[in-house]
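Structures are listed in the sections that come next.
Two complexes are shown next, each including chain A; its partner changes from chain B in the first to chain C in the second.
Take a look at the complex of A and B:
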């Protein structure tokens, strides 16, 4: 550490590199934080977390299975416990079904308004997408989706639209417009319920969705239909996927597929010829053998990581739509809803919930760094705080845990007596 | 080998640590492994103390050993047997409370521990047997709570796990700490309440004390006056003391009590023993009453006061002490008075008894009084003396006894008790029967159609219908039954293979061991037993009687035969003793071997503790250690563990086995159909 500082001082280490190195060392030492604790206000499992409010990166939003939504301040502690030397963060406020038009059933997804923290959006299994005013903690707008809402997303890049993309139990993806309170788009293409939707971090028009049918589709909202379906078999540009004998018999012009890959931005041509079970070859491509449970774009928007119920993680090259074939060790993702993964801003690590633990993988090599254990029930979601290198995870055991790099001892207000006592209490005690 | 298979599924760390240690301390590792193996395979509720100490010793030796123990215990915890898991939890608790490294290791995958010990997860329920599983859960919850209390601050996952079980799953923890605090609180409250009660009593006592004490003093004074009267009667008393007493009455209370005591003591020292006569009976009666009052009322009241004064905790110490002194004084006076009463021979209990006597008379003479019954018997015999002689048909013995009777009675009247008791001992005990009703009665009995007319009936009497005397006697004949003399048949007592003795009881010949002979406690034949001697002597006597009349040759022959027989007997006896000796030797050797094994085992265990194993060498290790030494024990424990898993056959099962098998079914069906058939045939006989 000090060596690094010295090199920075002499100028041998450029500032951005210094920062990256520092962040990396901190990241790899991430563990259950002893100094910070979030007192969960929920009475049941935490389904969804989002803490990156664009302005301050300070407020954590959590939605739980009992229909409640709470907001925590993760910078300013509400209480300090001297015996354990932890700062406690209690909920700033909580809304649940007692509020007018509040969610009745499990809240499956929460999202801050990308511009400021005045608005947040929640989707729930009671078919509604609610738009809340943070200051009055009242529902300002409601969208009835007529099916369970699994996921919603707002684009952080968008300057020309402010659409909420929603994935529901229905096969169609709908885009809700906050300004008008109406649906602007209905995107149909998935053949089963859509568990994840996410706006691209590269283009404000591009939306990615993953569904129970195992397909990941890319949509450009300026055009009709989806323009890309990811195929787990396709791993090289310009190389067509292995052709099955059966399909070659039914389709004479299979070679056309290749051109599609090269010309990624063109919409898919729906072939007139139907296969025996009524689905075209392009349409039946899958990204996972099970359903797609999680999607996470890297910060630069060039790559995307998807998680499926086939216990695999896949890294996709967004531009070409190829499977990069990075081999991640298998995870354990089950359940009947999507999960939230998290990727560090420098796209080096990905955090994936896997049963009771959170697995940490290197994005590019697939190497498993560690598994963060601390939850006693299934973990549903994780959110990464970019500035403090802190990870927040929510689980069915009603806890929101904070994972942080080990903190250097705060010398200014360090109580030696206390520390000594604490050490003494935790020493070996062999009597014989 | 077993270790390998067990830990194959374990973490990679296990293998690493194993590899690391394979070269350096393979034996130690295997020792620890076998120790843990033995400690966790036992059907008992607690860990073996010796094993525990040796495990602790091993684990303490190095950090690697702690890691190894942790891995081994986790692997053991995954066994599908609740008893094993229970013991593992106990062992883990011991290590957890001691080693910091063990704590950190265990806390790292605490959810595994919780799943396998508390069994909260649906997919991982606790394995059978059920009763052990409940014990396991209770124990692990208790342990968890203890850990959380002690180390929850330092280990966050531990705290989180505890909170998860308590708040999310709503499991009921034993909550020992709180329970103890609550008990303490309750105890305190109870004490406070009782203290308040005592205080209240004390206040009341303080208020009432003058009245009560004057009451008692009055009683004492009366008693004293009684004594004085008695003494005056006895006129063995000097006047000065009396005067002083009278004087004292006017003085202060405190002084009075003292003087009273003095007077009492004087009186007690001087008072001669007086007897109750007709003249002083009323005085004695009043004294008795007073004494009773003292015994029953005043002393118990005083005791109560003492208790109150001892237990009360008041600010006003002086008044309490003053009261205390007074009460003690009064008590002493009372006890003195009581003693004096007793000296005079006044007994409250006796008095009470006398009272009872008036009401219930029969209590006086105990029924089972030997003398009384004897006199009654004698009287009866006297009255019947005349009749007795006429009975002729009874046993001879009876007759002689009856003839003896008059003599006995006469002796009794002369007062020779010893003779009478002797006779009583000799007298035969006859079972009761109707013949005793008319013992020796000679008169004829009237009769009507209802039967014999007995005395004291109010009906008509027909004097013609009579039963003659000889008929009556015939009717009254005593019937006695033969009861064989019970004689215990001695057991055969021949030695058995298993070391015991044959317990068959046969008269002459045991079917297994031949003719029954007298044997000593080891089963050896007593050849010099008197019976045998008699048998041997028999022919010799004959021989000697023969000797005079027959020839010498014959005697020689007999003699030779005798000698031959003796020789044969000798040889056989020798053989028997030899075989006995062999058997004993074998037994001894076996015992020695067992003893040696036990000693070795102990040495081995001690050896693991003190690390002497290396010093002595490998030879000991071959014998020692749970590997070989307690292998049998482990096997036994395994067996019992397996037995725990098997369901016990209930009465229902046994009945079902008997009743629901196919044969029984068929038989039942057969019987039913046959019965039905028969009924049908009977009902519609015309069709057949």
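Take a look at the complex of A and C:
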């Protein structure tokens, strides 16, 4: 570490590299945080979902299986425990079925309004999507989807629309508009319930959805029908080669494989990409052998990781729609609802809940770095805090755990009186 | 850059790995060693496929190709059924540590039509890899077996299968629509009786989930699939019954599985690759154990 600082000082290490290396070493040493604790306000419930707001990265929203929703401030602690030196963060407020129009059954998904934290949206198994005002903690708007709501998402890039995409037990995806209070779009094409929906991080018009039938579909809401279905058989070796032929010669062995593949296999790529006139309704291409349980786009929107109940994670190249064949070993994903994964903002690590642990993988090589164990029951969701490099996870054991990089012992607050007492106790009369 | 001298040592290393496995009787060992080393030397002929370095006309085979050849050579001999040797992908994962590399090299070998990958019905993740030539010879054997019983215009479907469908369609499954479109592209008309003949021969198996779509399959594999699933269960129960759920590999290799025609080494490799068993090195030898979590 000090060698790295010395190299930065003499100029041998450029500043952005220094920062990246430092962040990387911190990330890879993530473990259960000793200095921070979130006191979960949920009683007899399961933590279904969490979301850290995009604007201030300060408030954590969580939904539980008894219909309660709570908000925590993760910057400012409510209490500080001196003996164990942990800061405790309690819920700022909690709403449950006692509030007018509150959720009666399990809350399956929560989402902050992308612009500010004055509004948040929740979806639940009682067939309703509620839009809440944070300051008054009342339900402002309610949408009745006639089936269980599994997932909802709002686009963080949107400047022209305020649509909530909801994935329900119904095979149709309906988009709700906060501005008008009505349903604006109905996207049909899935053949079974839709478990995950995500807006693209590259375009405000593109929605990705994954269903119980194992298909992942891309929808452009300005057009009718989906324009791409991901097929697990359509694959490419690694990342796509650069467009210019002369720059491909300077790349290594792996890209030679890629170009070789591309030359030999154009019929397969064509079959996987029907861009011309929409896709037939009976298209049965699947991205997973089971249902799609989780979707996570990388921050640049060029790649996407999908998790399926066949216990597989796949990395997809969004532009070409191909499976990049990265193998993430030994995941175990089963269940009857979606899970939520987290990817670091520089797309280097992916955190996946798998039974009682969270598995940490390198995104590009599939190498498994560690498994974070701390929960007593099945983990449902993870949320990554980019500034603090912390991971928040919620599970069926009603707890929200904080995972942070290893902290050095705090020397400034070292308790000198305790240390002196310890030294005094050690002094005995055996010397001279 | 590897020189010729290093290639010879590579082959002899691969041969020594094959030879150092512990078969039970000495005369069978000599026979098996011979066949295995001949398999390894056949790497020289087709090592230009599935490889990524070219030098002096000698090419180094990829890790996956070497592992495939090695396991292929160690396939147990089965009487009563004539199935050419196949390799499970979990066995390849147990040998080559980097799974992403295995997936990618396997994809390249599939494109080069060296191997064919089939989805087995024993589990969600079970894939069998068979060399292309072995599969083609198996299809021809079936065709000659059904020769007397069906008219020849029906049997021509086997030729169409080998010449048109297999080279173009790389997936493990196929739909009616695809079959029709591929064959009409070369001017042949496929009919219901052709499809039912393929199903009877065991080359196509109906998919339960979707109508009109099929899995491509290895013929005569039914009894082996039963052996596979029962052998796995037996091996896991053997370990689970013990107090600490572990046993030395040398002791395990001497046991014979009652319910499976495939040998112990096949099952151990398969379970290692699928993550249900772990190996650890101890001063007493290699230990096979079931992980606690």
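Throughout what follows, the second predicted complex is superposed on the first by the 360 of 432 C-alpha atoms of A that agree within 3 Å, B and C clash if a C-alpha of one lies under 4 Å from a C-alpha of the other, contacts with A are read in each partner's own complex, and residues count from 1 in each chain.
The definition used in the following text is that contacts are C-beta pairs under 8 Å (C-beta built on N, C-alpha and C of every residue); 3 or more make two chains touch, one makes a residue touch a chain.
Everything numeric in this text was worked out from a predicted model, so none of it was measured.
Enquirer: Is A:233 in contact with chain B, with chain C, with both, or with neither (first, second, both, neither)?
Expert: So A:233 only meets chain C here.
Enquirer: Please work out whether A:83 is in contact with chain B alone, chain C alone, both, or neither, and reply first, second, both or neither.
Expert: first
Enquirer: One more residue to check, A:377. First (chain B), second (chain C), both or neither?
Expert: Only chain B is touched by A:377; chain C is not.
Enquirer: Quick check on the superposed pair: does A:397 touch chain B, chain C, both, or neither? Answer first, second, both or neither.
Expert: The answer is first: A:397 touches chain B but not chain C.
Enquirer: Please indicate which partner A:190 is in contact with in the superposed arrangement: first for chain B, second for chain C, both, or neither.
Expert: neither
Enquirer: Would you sort A:32 into first (chain B), second (chain C), both or neither based on which partner it touches?
Expert: The answer is first: A:32 touches chain B but not chain C.
Enquirer: Indicate the residue numbers of chain A shared between its chain B interface and its chain C interface, in ascending order.
Expert: Dual-contact residues (chain A): none.
Enquirer: In their complex, what parts of chain A are in touch with chain B?
Expert: Touching chain B: residues 32, 34, 83-84, 356, 373-377, 397-399, 401, 422, 425-432 of chain A.
Enquirer: What residues on chain B touch chain A, complex-wise?
Expert: 53, 56-57, 60, 97-101, 103, 108-111, 114, 150-151, 153-154, 156-157, 160-161, 163-165, 167-168
Enquirer: Please output the residues of chain A touching chain C within their complex, sorted ascending.
Expert: Per the stated touch rule, the residues are 233, 235, 237-238, 253, 256-257, 260-261, 264-265, 267-268, 284, 289-290, 310-312, 325-327, 329-330, 357, 365-366.
Enquirer: What residues on chain C touch chain A, complex-wise?
Expert: 52, 93, 98-100, 102-104, 107-108, 111-112, 124-125, 168, 170-172, 175, 210, 213, 275, 293
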